[in-house]
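Take this structure first; my questions come after.
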Amino acid sequence: MNDVKKVVLAFSGGLDTSVILKWLQTTYQCEVVTFTADLGQGEELEPARSKAQLMGVRQIFIDDLREEFVRDFVFPMMRANALYEGLYLLGTSIARPLIAKRQIEIAREVGADAVSHGATGKGNDQVRFELGYYALNPDIKIIAPWREWDLTSREALIAFAEAHQIPIPRDKRGESPFSTDANILHTSSEGKVLEDPWEEVPDYVYSRTVNPEDAPDTPEYITLDFERGDAVALNGEGHSPATLLAKLNDLGRAHGIGRLDLVENRFVGMKSRGMYETPGGTILHIAHRGIESITLDRGAAHLKDELMPRYAELIYNGFWFAPEREMLQAAIDHSQAKVTGTVRLKLYKGQASVVGRKSPHSLYSPRIVTFEDDAGAYDQRDAKGFIRLNALRLRLLGQRDA
Amino acid sequence: MNDVKKVVLAFSGGLDTSVILKWLQTTYQCEVVTFTADLGQGEELEPARSKAQLMGVRQIFIDDLREEFVRDFVFPMMRANALYEGLYLLGTSIARPLIAKRQIEIAREVGADAVSHGATGKGNDQVRFELGYYALNPDIKIIAPWREWDLTSREALIAFAEAHQIPIPRDKRGESPFSTDANILHTSSEGKVLEDPWEEVPDYVYSRTVNPEDAPDTPEYITLDFERGDAVALNGEGHSPATLLAKLNDLGRAHGIGRLDLVENRFVGMKSRGMYETPGGTILHIAHRGIESITLDRGAAHLKDELMPRYAELIYNGFWFAPEREMLQAAIDHSQAKVTGTVRLKLYKGQASVVGRKSPHSLYSPRIVTFEDDAGAYDQRDAKGFIRLNALRLRLLGQRDA
Amino acid sequence: MNDVKKVVLAFSGGLDTSVILKWLQTTYQCEVVTFTADLGQGEELEPARSKAQLMGVRQIFIDDLREEFVRDFVFPMMRANALYEGLYLLGTSIARPLIAKRQIEIAREVGADAVSHGATGKGNDQVRFELGYYALNPDIKIIAPWREWDLTSREALIAFAEAHQIPIPRDKRGESPFSTDANILHTSSEGKVLEDPWEEVPDYVYSRTVNPEDAPDTPEYITLDFERGDAVALNGEGHSPATLLAKLNDLGRAHGIGRLDLVENRFVGMKSRGMYETPGGTILHIAHRGIESITLDRGAAHLKDELMPRYAELIYNGFWFAPEREMLQAAIDHSQAKVTGTVRLKLYKGQASVVGRKSPHSLYSPRIVTFEDDAGAYDQRDAKGFIRLNALRLRLLGQRDA
Amino acid sequence: MNDVKKVVLAFSGGLDTSVILKWLQTTYQCEVVTFTADLGQGEELEPARSKAQLMGVRQIFIDDLREEFVRDFVFPMMRANALYEGLYLLGTSIARPLIAKRQIEIAREVGADAVSHGATGKGNDQVRFELGYYALNPDIKIIAPWREWDLTSREALIAFAEAHQIPIPRDKRGESPFSTDANILHTSSEGKVLEDPWEEVPDYVYSRTVNPEDAPDTPEYITLDFERGDAVALNGEGHSPATLLAKLNDLGRAHGIGRLDLVENRFVGMKSRGMYETPGGTILHIAHRGIESITLDRGAAHLKDELMPRYAELIYNGFWFAPEREMLQAAIDHSQAKVTGTVRLKLYKGQASVVGRKSPHSLYSPRIVTFEDDAGAYDQRDAKGFIRLNALRLRLLGQRDA
């Protein structure tokens, strides 16, 4: 246990990671460096600094990673229209590789030989963190306290905190009725009151969106501009990636958009039930499909659709830094060169619907598709040959099997 | 042109197929047999009989295919969670193979050597009909009037009708502002007023669903029971496939569920803009994913997700009777043996959301997933080895590329 | 350690599993039941019985599984044309699930609560065995001595054997220059002298095939008959699955067919270098593609080709009993209904080549493909429309991007 | 027919394209520009010039495209390990897009409004040419004489040639017993004597390889060096792409390597039987897999294997210039950054076998894979957790379905 000299801990400032901080100090007798990331989770980060200082931490990193997160992680994923198991927008999954990356960078900067995180031994996040760590520094030591220590009950945790004079927020004395993770893309909730998948998610679990029933009775229309597959402007006004997502979050929140109640398959082999709120991301996802629908060729679009489940699975399972994810990204990004234009959406009571799309690079040809006379743009007689040769193998089969 | 003796025409009784009927008689000097299918499109079929009789047709087939349609076509497709281009529930596509199948059966019964349909030369339906015809009777002759005749304008069509004393409904004198197709699964609309993809679909185009803004202000909760992947009961009451879908349509209509405004890629190579209303089918689709989420193993579920786009493309393109569609169906059906249980849904203002799911075959294990003490059901230390071996290749990569 | 009462050991009778037997008895103080399978590895099995008896084993199972192995495991896999990483015929991988299945059956019969195997902690076989065990009996206890004991060197193993009076074959005193696994489908060799992938495999490693240079200077021609995807007759003479494969092995051996020197990726994350000899299986694989080439529709054939790498990976990784493997098998088997006919092959100096194929269900149509006048079987003008509609989207792209 | 002003003809100088040249001049009354490409087919090209001059052609293009062909078409395809239907190295398919590209370039240079080729209406090549033409110039006119004219028999063709004083080579008077296509990558043969797939290919059909039975009785060993996925040196000596392929062709020819007798599925819907000789390409393909085996990560390698059939199908069907082919190429090329190193091969009597591979970027780790003590590089206990979590879903299934 003495072979760790300096460890970089992903530190939120909350009770759990405070206990971990102290536990690392006492168990490994090593220096702990804390790293707190602002990914848009909507919490004050400065308290994390003072807590770390109180516990004697000398090197404290607090980084605003919101723009990097949206630009280099969320947006590339959105280009893929990624949905895990058909529905989940991967809000937690996509944040982990960035945290891992920054932790490894800090470890290099401060000369640490280990990293640590607060994810439990049953979840996906431990996998995502640690695959990221190992990919970026194969020789790093990893400490996963939840898999190692004996603080296996809430009581034990509280007792440890008390014994080490770690302040315990009043509301953490009792057990939280569910557990959450949040960043600028989403908030996830799971555990306890959500554990029976037959029971509807109680209203108090939602924090990022109003109940659709309480949303405005009048629809709101917006436009989103895309360039090369990325959203760049809302209602005609340009924004940075994180700012734009934040504004979409406000819209999504107001209209109750992006709630998802899901039973999903974890990489570690079990099913879990989670509730996700992805207000802005849901709008973005729908709008991106909208702009692709007029700018992307069928061959490219269908290939993307076929590759997407694999791509989403890789992100969910923590393989962001794996070569196969990068290969798929190369293919996806190649397809986005002309995914530029404007989508008009209607937001109403929990739904975002594309109602219009236009683009300087549109492949939609009214001249060809029209029911009216097309002045020879399309020769209907071509269809006969097209069908007959597509049918030829079926006819040969039919003749054989008759 | 004289080599056709008897032709079976897919006959709706409307103006277009009435003109086709007459055109076939005069152009090919052949006997025409009409076939009119009740697929739940919600129109009286008896008028088709009298119209055909008026035009001298002696063999008239009017078949109620609703149960066969839902049981043998819609439900197998629903087992696959099929969505074309991520969004379209394939309501038109899935009806074509059944019509083609029945037409070929009738051709066999009445000794006809040809079949005919009223689909145009720019669309997908011609392909779907004709691939079906050829697969089921490789030697059948196919007459596609829209690709052959010179009635290329509305005026020419009307003139032909008048010249041959075909009654013209008052509202068909002028041009319809859009074109529709309907069956128990959906109604599609396209053309004319819908041809500009930047313009929102006008309200009068919708016919199967109320505007979500006019839907009830109070959510409605329902339960759907599934057996082996197929829906069998609504709110605890068992129904035949078509009856159940009809009841879901009523619910979907009332709550404004299942509207879709889409620019899609046709098999013949162009993009088109369509509007779809699939009220009951949308509820069914969402519910099916819900019951699968607790009864399907991850390996099966992910394989299904990866195969789905191909499966949907095959149906969209008209390859229902192709061996590769049947192979995929065999795989999909194999996965459904335990997809049995109950889903609870909330219907509200255009949305159907799963709020609960339960099953005697549930794979969801609260004992294992719990945040609480699991009494040894899951050993968190296993996660370390799991991660380390999943990471091994990434570490070797990292060591090489450092 | 005392919680195991009775364990079924996969027992070859060799030194390693003899040591394991004794180690289980002494370490777990439990009854050991031995199971020895004849999978056509070409070794006497009766010595395994006497060895087991000598060590006090009371329940000894020796089963001839050759026909079951070929019929229910090798042949279904051959229907898929399975090749791992493009080249490997999966000879070891496919044997493991059968052994696991039988071991679990025996455990049930004899009331054992545990199973054990002799696979090491670095290889794929431990995974294949144990995934099989767990799939077939989720509550079984598994003992993997190589991962548990402290006999980590050859010396320690020999010392343990000597201390427990286990007879040590003279040639096992020193270290074997490589390690092998054999069954009726193949022999694999790996380790030690093969560990440098730049060094050519020494001649003495090969045991199942003559060196192609020593093979006959005259080609030999054979025919193989297939029924529904499975080989049933050689040179017109019918045989059971295992007998037929044995005869193909003789032919392959004589002509030096089926050698493969491969660096492959193990499921546990490392690369390893192996040498495989699959004489009869190689002929079978090539012949099966040959009969498919005239009896399988293009759609089915291409779908099979796209699914194959996944299918092969599942078998390699040990997921034979997983639902997704069964789904793929259902799709594959569905395609084989008409894969019936005869393939003629030439065997010569390491190669098996298809030189002829015929079938009552042939889809090859000389009437259509001929360069000669085809009497209207194919209308070349159809090609124009076929090409023009396939080109349409490319033309629209070209117009946009010009 | 008068609307074509100037046409660029892909002109070999042989009888067929000479007849086409004259037929275009007389039928379309237009100027014909000839284009003859040296793709390494091994024929004198200057005779094509004099023939064209004799028929009054004023603009004659004869281009040596060998390096461009191998560098920009063959090599990218080799990076994918592309095999159509598991076996065919796509030698004809890959040449067509380059010819189409150059023809369109010439049309632009000379102000031609049309292009023409000599491919028949039953084959794949018409599709490949014309999809290329349309992709690169959506408005080009295409003349496909074989689909248009009435010269449907050999006699009619000869008579036309005689009537127009086109010299007829003596050996073209009678019908050729089969038809061929050749370039530096391969020679294909099909038709006539090859039309019965049960009959072995007669020896006189082969032109690029010696019969393996006549090949040297002694193996030859060679080394191939790769850089970023492309072959760059033979036996340590660097060569340009085309030169290197030519040298491999010599080696392949001498050892009888690369013969393939195949029944394949054409894009136009029929099966055909062809014989291919790809001497150097076969060696290259095998060697490329060899160097990938030690330099490519498993994730990348398996993704490549899964994408390959689709990629090969796209090339076979003529979609080289389609976005989806380019997307796949982007993914494939991304994977090749470290595919650098040396492969050693043994060439003997029709076979090329990898016997060694080494690389400065090798991912093969003898330290980890070794049977010997690995000094802690790999912790065998990790395997237990790895297996247990991979098994978890199978255990849950087993518990449910017991």
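As written, the chain order gives the labels A, B, C and D, with residue 1 at the start of each chain.
Basically, a contact is a pair of C-beta atoms (placed from the backbone, for glycine too) under 8 Å apart; a residue touches a chain by one contact, two chains touch by 3 or more.
Here the structure is a predicted model, which means the values were calculated and not measured.
Between chain B and chain D, the least number of touching-chain steps is 1. Path length between chain A and chain C in the chain contact graph, taken as the least number of steps between touching chains: 1. Comparing the residue numbers each copy contributes, chain A and chain D share more than half of them at their mutual interface. The contact pattern of B-D recurs in A-C, the pair among A-D, B-C or A-C where over half of the contact pairs coincide by residue number. Look at where the CA atoms of chain A average out and do the same for chain D: the two points lie 42 Å apart. Averaging C-alpha coordinates per chain places the centre of chain A 32 Å away from that of chain B.
Multi-chain contact residues, meaning those touching two or more other chains, occur in chain A at positions 265, 268-270, 297-299, 302, 310, 322-323, 362-363, 365, 368, 378, 381, 383-384, 386, 389-394, 396-397.
Taken in their complex, chain A has these residues touching chain C: 297-299, 338, 361-363, 365, 368, 378-379, 381-386, 388-390, 392-394, 396-397, 400-401.
Contacts from chain B toward chain C in the complex involve residues 265, 268-270, 297, 299-300, 302-304, 310, 319, 322-324, 326-328, 330-335, 389-393, 396. Contact residues on chain C toward chain D in their complex (touch as defined above): 81, 85-87, 120-122, 126-127, 130-131, 134-139, 144, 146-147, 152-153, 179, 191-192, 195-201, 212-213, 217, 219, 259, 261-265, 268-273, 289, 293-294, 298, 301-302, 305-306, 308-310, 313, 321-323, 344, 346, 348-351, 353-358, 362-366, 368-371, 373, 378, 380-381, 383-384, 386-388, 390-391, 394-399, 402.
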